[in-house]
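One chain, chain A, links the two complexes that follow: it is found with chain B in the first and with chain C in the second.
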Partner chain A sequence: MKTIQELEKIRRDALEEIRLREEGEKIRVVVGLGTCGIAAGAREIMNALTEEIARQNVDAVVTPTGCIGFCIQEPLIEVHIPGMKKVTYGNVTVDMAKEIVEKHLVGRTILSQWVIHE
Partner chain B sequence: MEELAQHILDLLMNSWEAGATEVEAVVEEDSERDLMIISVTDNGKGMEPELLAKALDPFTTTRSTRGVGLGLSLLQAMADSCNGSIKVESSPANGCSVTIELQRSHWDRLPLGDIPATISAFVCAAPYVRLKFRYVINGHGYLFDSAKVEKLIAPVPLNHPKVIQWIKESVKEELTQFV
Partner chain C sequence: MQLFRAHILICSGTGCHSFGSGSIKEVFKKELEKRGLDKEIKVVDTGCMGLCAYGPNVVVYPEGVLYCTVKVEDIQELVEEHFVKGRILKRLTYQEVSSQTLVQDYSSINFFKKQKRIALRNCGVINPESIKEYIARDGYFGLGEAVTRMEPFQVIEEIKKSGLRGRGGGGFPTGLKWEFAARAEGSPKYVVCNADEGDPGAFMDRSILEGDPHSVVEGMAIAAYAIGASKGFVYVRAEYPIAVKRLKLAIEEAKAMGLLGDNIFGAGFSFDLEVRLGAGAFVCGEETALLASIEGRRGEPRTRPPFPAASGLWGKPTIINNVETLANVPTIVRNGWSWFAEIGTEKSKGTKVFALAGKIKNNGLVEVPMGTKLGEVIYDIGGGIPGGKKFKAAQTGGPSGGCIPANHLNVPIDYESLTSLGTIMGSGGLIIMDEDTCMVDLAKFFLDFVKDESCGKCTPCRIGSTRMLEILDRITKGQGKEGDIELLLELGTQIKETALCGLGQTAPNPVISTIRYFRHEYEAHIRDKYCEASVCATMFNSPCQNTCPAGIDIPIYIDLIAQGKYKEAYDVMKNDNPLSVICGRVCHHPCEGRCNRAKLDESIAIRDLKRFATDMLLSEGDLPVPEVAESNGKKVAVVGSGPAGLTAAYYLRKAGYEVVVYEALPVAGGMLAVGIPEYRLPNDILQSEIKILEQMGVGIKTGVRVGQDVTLTQLKEDYDAIFLAVGAHKDQNLGIPGEKLRGVLSGIGLLRELNLGNSVDMEGKRIAVIGGGNVAMDVARSAIRKGAKEVHVVYRRTRDDMPAMNEEIEDAIKEGVKISYLASPTRILGKGGKVVGLGCIQCTLGDFDSSGRRKPVNVPGSEYVLEVDMVVPAIGQQVDGSYADGGFKLNTNNNGTFVVDPKTYATNVEGVFAGGDCVTGPDTVVTAIKAGKVAAQSIDKYLGGKGVYAPLTPERKLSAPILEEVRERVRMASLDKDERLAGFKEVELGFTEEEGLREAGRCLRCDIR
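Then we have the complex of A and B:
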């Protein structure tokens, strides 16, 4: 059961993290959430990314964008890591999204087999 | 689209792109009148009458990157396929409101789908837009209001991954009890 007490704990932990972390540019994962993205399953990708980021305790934020014109390769995500080049992954599945969090966001290794643009 | 909840997310993202600060989605199921009514109403920048007149045309879009906009025309096609209708009301002063009415029992009516996933994805995408989601079934109502969560969690932003997870799980639990 999800309780308000649990939310209160998330709040305390998050405030502590914010206090400890140096102010800097965060990792950003951008998900295409236009009509084409949603129809291709981007909502599940967005939720899977959030879930995995929460589970692995990564300091990253998931944000949306509209259609970027590669509708055929949706769901699309862009990974922005400060100091690294921007990478775009296409035809992303839930399993791929989790692996991208683990290997790219945490491990800093680009999964080149899924990259459509860098 | 495979679910009504995906169409709802699409409409919510339209409101986000229109610069709304508040948006309300309502799903109403009425078994007596055999109706399912879905509306999304926002306080965004709205549409001038000229744009509103061709809002359902797939070759109408406000984007400059390409010449098509499919969201509302797909929604219209979906409504048509299950004996339904669509209404788009908008003006620059009043934002925009899209309402569809569907025959609830129609063979081709899409399932409502994963509402918790739609709510959590939208709050994650647009943490600064207040989202109210109301679900009314045969007169009984459920309400999610992102402002309530925001109040409890401040100054932590609503799109913190753990907060998004909490929202998704708690809406899921509450809806299961409700339906």
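Then we have the complex of A and C:
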């Protein structure tokens, strides 16, 4: 270890690994992981969200939830951004998931064409 | 880099490890793999989170949900629920002690909320075996800051200004110690970390090394830079294998990254670190002994000066800091001294880690700002004392420290405050003791420890501690002598003044401290051969008998019940308690609180068994009448026919005295007759036992008020001795406006009217009862039976603080009584001279009072009105002074109770004795029985008798095998709610013979050794 900058680089990389455990108000993306959601492909959506969030370096967490009763619209995801209203998207695909991260989580623009409930 | 949506952190500290966290981790991994979740969810080992009592602990991020006491069998369900379905598995979350509610979110649990974590900041958050995770949490930036941007003297200045003091116990300013070493001549210099944690019950250092070893490595490196050392040693006890392993790993990782070794951060500073294992000698925690041990010599202390800062390892300047001290250093350097100095008190800065051990719910590790009140640590963070027991004392500083009793719960925790109470901060062991702890035995435990651990180099410690232990041993075996306490103090003082090292000098502290605060316990052991806590077993037969004020030989009568010998069982009870039928129904049974069976499943239903035996006899007809000795021609007058008076009359009459009991009320029994409602103690049951006394020839004159119908002076002339047992029947006022309104009736007055058969109209009324004792419960339950529409009990503290028996509170709630806790009456509202409401104010719990309970404090602006038609204050009673006449003057206390000799119950007037509530103030039935028994013995002695009472000496042997498997306590059947409310029928129905025999069979027979 020769410089603080070197240490700083290690910290940045490592921080990503423990980001989930840090305190503070974070963006939450909730994925419906009931039987209906899983059958509709929610697990792939969840993985896509996790990857995209890391790629875009967003301070957000992805958590699963059970069936919310609107099985016909699965996969369903809810986006909770502190200070913004909760938005639910239905029939989410992997591509949609990536776009939601980019436009909604980062850009703070609601993709109203996919919204099923605000 | 692999990405995970969730992390499962499993505590792998020694506590959780011993609960099986290792296999938990493996099963988690397998289960995740099975479900294809292993790419999404990461399992991480972490250090101690502090809630060791509920281990193994598991925290799931990102939600931060804490799962407690996780077992291998739970994991499948946990993974299914939490990670597949996304639902929190509530049954495994932490249950808040105070509110009994389940709390999911780790950070909103009271235990964590009130803490401030500096030394423990990474424990339970990072993987201690990953240097990267440590760096992610700003690790090694303190070192980087120090060596690249600061001169060594600036680092020392920073630490000095921060106010950091040694956390190993002494509290010496850390910066100053560093400065001494930095200025000292000599090279090389050394940095030593003292991780030889040895105090019983203390495990802070272990947890830091296990949960965040890099913080200590970094702290040492900063210290080395500050004093100009290039070599360091961590002296850690070999009994900490996990800590040693992680520490070694941390050193390797740091070396691999160039954070230890040569030319760190390119600043020309080099530092190398080695681990040295201690072989388990307590004395090696003393710094000079520790140094000797590192050098390979025998671990014995030497005199100081020279201090190690001048001449330490191999005669070179050396600093020795404790683990926790060093763990604070990196954060101080990173955040700056002023940040640290803002935390804590004037002279004690920062935080302190405590290992909470002993009788406390949240056993574990906590870190609080200096200045936090001891009571807050014990109750808010620690969750209080388990099993509804009372806090007695807290021990800090281990064998070098002392205890803090209940009346000092407001003490702010810092070095100076603890010293002024005669104890020390110590390394952070905080052992909580409840009423079951004997303080003499505690002192003996610590002294025994010190005696074993004394290195033997100096005579005061080697011989002195042994001699002190011998004295203590004698005292706890009932062989104590007058003068032993003084001898202990003299020896203790000499050892303190003459022992060579810190350990020897502080060895007598636990003894001196317990004598300071609990001298009465020592005296009871020495003079009365009595151990209040039922610990010193050579002085009693069984804890239940030892706890019973009347001293009934409980295991013997339970054994007789188990054999179906009810008459014999009754005889055993009766020898020590002539009111056994009554006590079988109304005793507050302190015996059950000390029953050893509770440690296995539940305590024996001692009171219910007593009732069972008497029920069996009563079902066969009248109770047997004991034989009465031939008249000795001496006469004794007993004033008052309550339990104290009746008991004294019984023993005196049995021994041949002529006894007349004077009772002011139209019925005999005192509070038993007019204070306890019919549904708890039916009158015919009470009278069946009083009848025995009459059959024995005791004269009972009801309706004769002494002081009015006959004077004490007259009695003094007519009788050879007088026993005053007039009780405490006078109402106590609330002292708030409106007490004179119609509809305000005293609790004890109301019960008296009901018991005498006079009508009190409560039909359809709304009633507020003020108080939290048995009288308040009795009034409330009677009111419900009398057809009251609503009954509110207003009590200013919490349920746990209520003096009423728990069964009574439960029954009251069951019967429909509403209890408002933390509410205090402010005024009684009236209209047309009649009560229309009770003004109340909400309270909150404030500081601790001298009894160790929290004081209720009014919440401003929280006044409210309870709309009621009747207000019944039941806040205690006083002694009615109207018995006295001009003939002679009895000494009384300010509250009107009599002043008596505590041993003989003799008053200041010759031949006049007193006992019961009129001496103690309102107390329990069995306490009054004890008073009557003691008084009878004293009166007999005074009149030259040959003794009225002798304890039994039964043969103690098993009549059946002891049942050691878990067996539930038999619950007595009771009336259902409708039947109860229909009248005053006895609520509890008694045991069937099968139930009684089954319950009696549960006794563990502690009296057989």
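By our rule, the second predicted complex is superposed on the first by the 95 of 118 C-alpha atoms of A that agree within 3 Å, B and C clash if a C-alpha of one lies under 4 Å from a C-alpha of the other, contacts with A are read in each partner's own complex, and residues count from 1 in each chain.
Quick note on the criterion: a contact is a pair of C-beta atoms (placed from the backbone, for glycine too) under 8 Å apart; a residue touches a chain by one contact, two chains touch by 3 or more.
Not measured: the values here are computed from a predicted model.
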Query raised in the report: Does the superposition put A:2 against chain B (first), chain C (second), both, or neither?
Result: both
Query raised in the report: Touching A:16 in the superposition: chain B (first), chain C (second), both, neither?
Result: second
Requested in this report: Report for A:44: first if it touches chain B alone, second if chain C alone, otherwise both or neither.
Outcome: first
Report task. Please indicate which partner A:116 is in contact with in the superposed arrangement: first for chain B, second for chain C, both, or neither. Result -> neither
Query raised in the report: Of the two partner chains, chain B (first) and chain C (second), which one does A:72 touch, if any: first, second, both, or neither?
Result: neither
Query raised in the report: Does chain B (first) or chain C (second) touch A:84, or do both, or does neither?
Result: neither
Requested in this report: Would you tell me the residues on chain A in contact with chain B in one complex that are also in contact with chain C in the other?
Outcome: 1-2, 4, 7, 10-11, 13-15, 18, 31, 33-34, 38, 46-47, 50-51, 54, 61-64, 66
Report summary line: In the complex, chain C touches chain A at residues 1, 3-7, 9, 39-40, 61-64, 83-87, 107, 125-126, 132-133, 135-138, 140-141, 144-145, 148, 257-259, 263-266
Report summary line: Counting only contacts in the complex, chain A reaches chain B at residues 1-2, 4, 6-8, 10-11, 13-15, 18, 31, 33-36, 38-39, 42-44, 46-47, 50-51, 53-54, 58, 60-64, 66-69
**Report entry** Partner chain C, residues of chain A touching it in the complex
**Finding:** 1-4, 7, 10-11, 13-18, 20-21, 23, 26, 28, 30-34, 38, 46-47, 50-51, 54, 61-66
**Report entry** Residue numbers on chain B that touch chain A, as the complex places them
**Finding:** 1, 6, 9-10, 13, 16-17, 63, 65-66, 69-71, 74, 114, 117-118, 120-121, 124-126, 149, 152-153, 155-156, 159-166, 168-170, 173
